[in-house]
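This is the structure I have questions about; it appears just below.
All chains are identified by letter, namely A, B and C, in their written order; residue positions are counted from 1 within each chain.
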Amino acid sequence: MSHTVFKPATLVTLLVLAVLACVPLAAHLADQPFYLAFFARIMIYAIAASALNLALGYGGLVSLGHALFLGIGAYSVAIPAFHGIDNGWLHLLCCVVVCGVVGLVTGAVSLRTTGIGFIMITLAFAQMGYFVFVSLKQYGGDDGTTIAATSKFFGADLGQAGTVYWVALVLLVLVLWWMARLRVAPFGMVLRGARQNPRRINAIGLRSVRYQLAAYVLSAVLCGVAGMLLANLTGFASPSTMTWMISGDLIVMIVLGGIGTVFGPLLGALAFLGLEEVLKMVTEYWMAVFGLAIVLIGVLGKAGIAGLLDGLASRRPASAPAKRAAPAAVTISKPVGEQA
Amino acid sequence: MSALQTTGLVKRYGGILVTDNVSLDIRPGELHAIIGPNGAGKSTLINQLSGELVSNSGGVAFHGEDITSLRIDQRARRGLLRSYQITSIFEQFTVRENVTLAALGAREHGFRFWQPLLGRADLAHQADEALTACGLADHAQAPAGDLAYGQRRQLELAMALAAQPKFLLLDEPMAGMSVQESQAVVAMLAGLKGKYAILLIEHDMDAVFALADRISVLVYGKVIFTGTPDEIRAHPEVKTVYLGEEGIEA
Amino acid sequence: MTMSLLFTQLLNGLQLGVLLFLLAAGLTLVFGIMSFVNLAHGSLYMLGAYFAASAYAYTESFGLALLAGVGGCVVLGFLLERLAISRLYRRDHLDHVLTTFGMVLFFNELVRIVWGPQPYFLPVPAFLENTVDLLGISYPSYRFAIIVVGLLVAFGAHLLMHKTRLGMLIRAGAVNPAMVGALGVDIKLLNALLFALGAALAGLAGVMAAPILSIQSGMGEPVLITTLVVIVIGGIGSISGAFYAALIVGVADTLGRAFLPTLLREVASREVANAAGPALASMLVYVLMALVLAVRPQGLFPAGRS
């Protein structure tokens, strides 16, 4: 793994992480607590995007419903808190169990299809979850609910901006590290192989669906944990966290950053949320510009920021993929000629 | 005990009978070739043997075990490996990664999340052997997608070898190869003879007659004759149906 | 639960069903033939309603509003296909999702810029403001008109698909897209026409739905998702599948919302029924979809069989 340390995408990411480590102090000195929350949010979304990257980038599973798990994570804080439970470990347990079970069931059903069908089913399941939470009137229903009691671990309170910031940063670093190792570990290799050629994976003795389901469940749980952090940061949980708009946002982050790369989700989350902030300052109708920008990204189909950075360093023509460059969009499992 | 035995395999697509009561008996260490005109149903037969197609009736037994209802991955884990006529590899992985994955698949599962796959010494050894046998050792670091056609076919074979097979189903391994490339493959397969049982589907008659212990002739989904290369050469029906269009050198 | 109430709700379900069919028909063709994931289909539905509302504001004519809605969507659909969507056919589904997602965001904001954030209304045309008598009940004429128009369109679609050369090309394309191109058909034009046709149907649905719902930014997405469920249940690429599935989903959803809470009250306490009733009703069609997927992943009426 040491040869990756000097790649541009890695260097930029390390730089970003170093800056992120300095933000709490800087925000405190400049008396601008907004930035603490802002960057915490970026990191939390980076974790959620990394989770999705496992299923989508490595596994080729285009899930339009991952925001569901983000929402479940948020509610695994909100609902126990409503009943007076503020033990962070219980919140975490609830989050992991529910996300795991829901991920297992929805993943197993969704994996009965591929391609277009898979995309639509994950979307539909997320919508189903949305309706469930909207109908939970005692927990705020459509409007959502404030978190009565934030998660407490060993006396530390995740409701404090500073605490949740450091937890998010540490978790982000751990997640990125694990994703880097996972990418070349047997599980990651089988998963990435299944994305390229599921038939071949089966032919060499590995049941591809099993690995895809496992990746889906893992990514669901990790996304849920991000949701837990989000609820603690914002002090709020609402069904609007699990709309497909949010799922779409996560996908944009991953593609923007570089799909299937390790650092893409972080770079993408940074670019996405940063761009959003900048545009908001420029025009009230920033969403229109944003939408157009996303259309352009989709049509132009670049390799993302990570791929761009790595491409700069390798000085090879863009068509020759370096081993770690983000693969061009053709790799996500696509039905070959037959009806989806 | 035979290595692979099929009894009365039948496959229908709607009204069309593609595999007509095929019964084969391949002995351990034997290289058994299947020849036949285009459209005879050779690929369909191999797909039923590998587990990718479910037969309408009939059975398949592997070293005495009934594997008729087993999926392809289950058969692969028992040592029944196949290669594909249309190259099916992992284009974005390096040659070494391709072969190492194949080595992993046959022996164990992939639910390991931390240590690198290529760091596994036992799998690496497996992979190196397969790569050397197929002449790809020098290209181990190249992305599979960058290989020339003939090399991709060799990778196809290397993946099957790396999986420690007991039985190889080879679907036209020499398809599209030049004369030299084909000769190299023939030499390699000759070296493998006796180590594994091999079922070889091929159009290249030189290769078939050089390698095969026995040959079965498949016409319209039916095995019309099984015999040694000499018996095949002498058989009148075979000559007219198939060999009549091509001269073969003794 | 009286018979007349049941019958009314059945008709409502039918009405929802034909609207869903209008949306599903265009979407499933684009999915099936171009293998293109079009999340912006809901935006076309929305824009159809907006175009109609504007036309009505200027002309006070529902007929012209209808024309504006459908016509506007045809033009817009054609433009979108030529400018952006046709570049993506060979690309991955992820790129489709991304691009059309961006379009949804763009259009949702665009209508806010052009028409403002307040909801618009399109009134029911005067001659349909009364009720019709059907089998002993009084049913709103307008809703009945929707059913009639929808069934006519379905019949027209059936004629198109099974009795014309264009329809044959479309059906062939749903089963084997590459082959149709290889047969010498101008595939670019066919694709553009198909997309525009789907857009027209979406626009029609939008105009017809407008008097019943309010016209606002984001109105397309909830309907789109239900349409996706219809397509999954019916079978991707199959128009007849879309028809039957749309009716099934429309009726199931409507009856579920109308009667499930009441039914629950029979078996459970009032509080549970009040909480769980609406939730279960909303979930009903998704459970249905999951069941279909579990048992028959290719859909109930897959393409290639019709």
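Heads up, the rule we're going with is that a contact is a pair of C-beta atoms (placed from the backbone, for glycine too) under 8 Å apart; a residue touches a chain by one contact, two chains touch by 3 or more.
Everything quoted here is computed from the prediction, not taken from an experiment.
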| item | value |
| --- | --- |
| Chain pair that, of all pairs, has the most C-beta pairs in contact | A-C |
| Geometric centre: closest chain by C-alpha means | A |
| For chain A paired with chain B, centre-to-centre distance based on mean C-alpha positions, whole Å | 42 |
| Where chain A and chain C are represented by their mean Cα positions, the distance between them in whole Å | 31 |
| Centroid spacing, where centroids are CA-atom means, of chain B and chain C in whole angstrom | 49 |
| Contacts with 2+ other chains: residues of chain C | none |
| Residue numbers of chain B (touch at least two other chains) | none |
| Overlap residues in chain A, where contacts from two or more other chains coincide | 331 |
| Parts of chain C lying in touch with chain A, wherever the complex brings them together | 31-32, 35, 37, 84, 87-88, 91-110, 112-113, 174-178, 221-222, 225, 228-229, 231-232, 236-237, 275-276, 278-279, 282-283, 286-287, 289-290, 293-294, 297, 302-304 |
| Touch list for chain A against partner chain C, complex | 56, 62, 64, 109-110, 112-113, 115-117, 119-121, 123-125, 127-128, 131-132, 134-138, 244-245, 248, 251-252, 255, 259, 285, 287-288, 290-299, 301, 329-332, 334-335, 337, 339-340 |
| Complex contacts: residues of chain B adjacent to chain A | 50, 52, 71-73, 76-77, 81-82, 84, 88-94, 97, 101-102, 104-106, 109-118, 143, 146, 159, 163 |
| Residues of chain A touching chain B in the complex | 1, 178, 181-182, 184-190, 192-193, 196-197, 199-207, 211, 214, 320-321, 323, 327, 331 |
